[in-house]
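What follows is a set of structures for review.
One chain, chain A, links the two complexes that follow: it is found with chain B in the first and with chain C in the second.
What follows is the complex of A and B.
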């Protein structure tokens, strides 16, 4: 386990180093002064600029410049957003939880529908219901998310008027941000309209989360189907059958649990994919998350936000991956040796 | 062990999943939620305000968001004939020579109580003195707090007009003017002449946080400021000690949505009660639950030239361009025919409008000829700056710019279209970085001077409102003379002469006078739009549809029993 941990940590360190090199070189590739690109101080006076140049050691060679940038990053100084002139770390701290919240709810929805459907398809292997589930999954996987999002808004928000189309919650509710995860914030708040707010927030998250969930759900269907089919062909299932256990008992006691192990790792791998889909969906549903922020930064040519935002976001996804690896290793001793 | 962990995991999920399911079930029966949304209004606006003090700007978006919501003025307009009526001042008196104007203030007018300020006294003469001395007195501690620019007041030469303001007693103030000015009262009734709190300013000065006066506003208006998230929302709550009847709605939220289609979607999905500048008018009118409001507003949309820059410092080039633009096509495409071709900067409904002035004709031959005369036979390349958001005077400046681009190509002028985010756009225009630009003007009061002076006078070139940087002494003299006489025929004569100068010099080409549109849910009642100036949510209320239904059903039950 120690070697496993060390291996993951060294991988993390080197990847992050490479990413910082990329982010650092971006400041030279973007138009404008590299110091301003790095710090985001667009309104700096001449005296402040001299100070910034000293801070980022621009008079010395490029390696030293890189290390001074690295020390800024390590101390948590990612500069100011050029567009809003507020700290990038501060902006990300507000926006990232919203993206995580959307992704987590979507992941739950995807698991809730995807895995049982996959199992059902495997049990009905090569029968009509299996084929229908598989083809629907294939269609779902192929639909581009931005198109699906617009279609969902058109149908459920505009034509039927069931669900809201934009934002996290109706603006009428004043919910103070404590954890950043809105559902927790609502429960922690002392607003007299707490439960109305909770319902409203649920209605707001439903549509974007379902849109985000479609692609991973179809992946879960296929994964759980394959994994269940494999398990059903193993000898211990055959033995259980021979012992006279009913089909229901076999599935519930043996097959489901064993096939879930294979899926759990993919759930983690799907998380990165999910965040990517969520970023596109955020733009369509005006969800105040990191994806919309990054895409807005691109259109506003906010270089500091682009390079440091990307750095922080990739760091976050990497950490999630490592955590999932650890959970998987804890669950499955066989994985520790790989 | 694996199985155990899975079990634990599932057990942890179960209550969570069931709570989600329950909450989704509850959405369908949310009668309680109506109570909050029923007492509140969400207005989807088109852009962020630049500040919360209307004294500092001339942009309509900021006026919409602040003036009538947070503040009051000494006097205001009322009714269809736009009579000036008392507001914070219960009456006023003008001496015969027109040089002394005395205002008698109402008593017991409360300022907002918010988390950042608790008033200890009601409105008195000090507040009036503070609000106007901040503009007039360059050494005033608050004068240069937010840049020291008061474009509207600089445009009307408020400083050279007002000699001083004096406090007669706690509830009487007197304005001493250097010369009589017919538009003085009209200007004091505009959305810009708001009254701030001197007590609040004093507190800020003690804390040395002067700048907060324009960011965390305190006024006497029907709504008080709660929070502003840049680019996202403004939240107001009702001012319960308002000096008139308090507003019907308790919460007013401005949902800042720059995209036209997003605003429409939010209206259709019932996320906004009212939206500004709607697109797809047919879609709105065909829905039975929505209503399209329009008001013939006093405005003009124009194509302006930066007369400081080559080649637009040449009158012939400006004229050539004016002949090359097909205004009729612009009106049909950009306004869908719901606007009038502008004959001059004055709309036809203004009393100073002169029938004899005809719109500039569309004549490519003449255009080409003038361009040759100016020495640009092969044409040239230029930029058009187009307003990035919808305005009342121009619903789609970028499309208009594209049409103009095509028109000008015919006479050999190549055009690049440039558009920035609204606040950046205004800021850069003020710096004079542009060559030509599509913008417009919405009047703040019905006096024709409000078109002539702020848009094109020399004094307005120093502030941000005359972006053509054109300055003509004769034109300015005519405007001055028009203000000093109360003979309406004489004024009309002066204004006609001024229009002729504009026609000849062409610092800008007037394009259209448009209606201002807005769409709302039918359950929102009360007037919001006005012919000039900003929107007002004070008289607005929401009709409770479900409540009405219950009353009706109770009645029918009783009927059947009888």
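What follows is the complex of A and C.
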């Protein structure tokens, strides 16, 4: 386990190094002065510029410049957004939790529907229900997510009027941001309309989360189906059958546990995928998350925001990735060796 | 009666032909393949086939519904958009942008990826370990996110989108090729030709490539469905094809404002993307199914 941890840590530092170098070199690749790109001070006076140049050590060679940038990043100073002139760390601290919230709810929905369906398909391998589930799964991951989102809005928000189509919560509710994750904030707040707010927030998140969940759910179906089929062909299942265990016992006690372990590994990979899908979905559902912010920054040519937003987002995805690797290793002793 | 075969000769089809013979027997895969060919022909011959220009509007025919609608007009089969541009022509031209470009993207990144992958499979030691780690990092970032990042750096346009997606897809091909080549290298027939004195490149070219072509093709279909979705998504977000290019995602984004008045401007491009991706995936499933059958037999 120690070697495993060390390996992951070295991979982590290596990746972080690559990411910061990339982010640093972006300030030179983008048009304009690199110091302004790094700090986002578009309206700086001449005196301020001199100070900034000193701060980022632009008169010295590129390696020292990189390290001064690195120290800025490590102390949490990511500069100002060129468009809004507010601190990027501050903006991201509000926006990232919203994306995480959406992705997590979507992940739960995807796992809740995808994994059992996949198991069911595997148990009925090569029968009609298996084929139907597989074909539906194939259409599910072929649908472009933005189109699906639009169709969902048209059907559920406009034609049926069941669910709201935009935003995180109705503007009527005033919820103080404590953790950033809205559901926790609502539960922590002492507003008398707490439960109404909670219901409203759930109604708002349901539609975008379902849209985000479709593609990962179909991937979970396929993953859990293949891993279940593999497990069902192993010798210990045959041994269990020979011992006279009933089919139900075999599935619940042995097969599900062993196949779940293989799926957990892919949850990490899927999370990155999920965040990307969530970024596109945020644009359609006007969800105040980091994806919408990033895409707006791209069209506004807000270089500081693009550069540091990407840095933080990829850091975040990578950390989640490594965390899930650890969970997997903790659950599955076989994985620790390699 | 003439005897066609005098000697009882056993025919050994090449691995690729064997694969095709199995692939041919799955009807669903063949339907997908037919749709794939149809889209390819459409992408190439659209300038000859399309009834109208995709960019010039007809001011008298604004927001015409499709022909099966009561207000429709047969000469504009799928209706027109808010500038009077024929939807059918725009979608046909869009096939050469969305589908055709994705095809080009896959070919280019396949060639680069296979070359790098097979070269890296021959290397060992620290270079190979570095590459492995590097690929792990790149592969853990989803292709769309990486494409958005690259487009954010070099600026939104079609050619930049193409470049970004090519770059994004290369690591996947490198990974698949590297893995497949390494696996084949361990087999006895490679050892046999090594003992005959063949150089590594000769082994690669004559012994290994014919045997891994199907795995690379299977990866290529995966890459293509991802490429179609990525091009369309970037077009939809305004980071890819710019107005007035008839890229499917861009057409969809364009119809967004008129969604409630003219829903066909949103339904039809979405359906085209779905059709293209499903037929690509069907071909891919067929290839993977054939691979599995061949392994079992």
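Everything below uses one rule, namely that the second predicted complex is superposed on the first by the 338 of 338 C-alpha atoms of A that agree within 3 Å, B and C clash if a C-alpha of one lies under 4 Å from a C-alpha of the other, contacts with A are read in each partner's own complex, and residues count from 1 in each chain.
In this text, a residue touches a chain if its C-beta (ideal position, glycine included) is under 8 Å from a C-beta of that chain, and two chains touch if they have at least 3 such contacts.
This one's a predicted model, so the numbers in the text were calculated from it and none came from an experiment.
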Partner chain in contact with A:144 - chain B first, chain C second, else both or neither: second
Touched partner set for A:280, first chain B, second chain C, both or neither: second
Touched partner set for A:170, first chain B, second chain C, both or neither: first
Touching partner for A:26 - first (chain B), second (chain C), both, neither: second
Partner chain(s) touched by A:298 [first = chain B, second = chain C, both, neither]: second
Touched partner set for A:331, first chain B, second chain C, both or neither: first
Contacts of A:84 with chain B and chain C, given as first, second, both or neither: first
Which superposed partner A:181 touches (first chain B, second chain C, both, neither): neither
Contacts of A:306 with chain B and chain C, given as first, second, both or neither: second
Contact residues common to both interfaces of chain A (with chain B and with chain C): 158
Chain A - residues contacting chain B, complex: 84, 108, 112, 153, 157-158, 161, 163-167, 170-174, 193, 195-196, 198-200, 202-203, 206, 257, 260-261, 286, 288, 300, 331-332
Contact set on chain C toward chain A in their complex: 133, 136-137, 140-142, 144-145, 148-149, 151-153, 156, 225, 229, 232-233, 236-239, 249, 252, 256, 259-260, 263, 266, 269-270, 273-274, 277-278, 281-282, 285
Of chain A, residues touching chain C in the complex: 11, 14-15, 18, 26, 29-30, 138-139, 141-147, 150-151, 154, 158, 269, 272-273, 275-277, 279-280, 283, 294-295, 297-299, 306, 310, 313-314, 317-318, 321
Chain B residues touching chain A - in the complex, by the definition given at the top: 2-3, 5-6, 13, 17, 20, 23-24, 26-27, 30, 32-33, 36-37, 40, 42, 226-227, 230, 232-233, 235, 251, 253, 255, 257, 262, 265-266, 268-271, 421
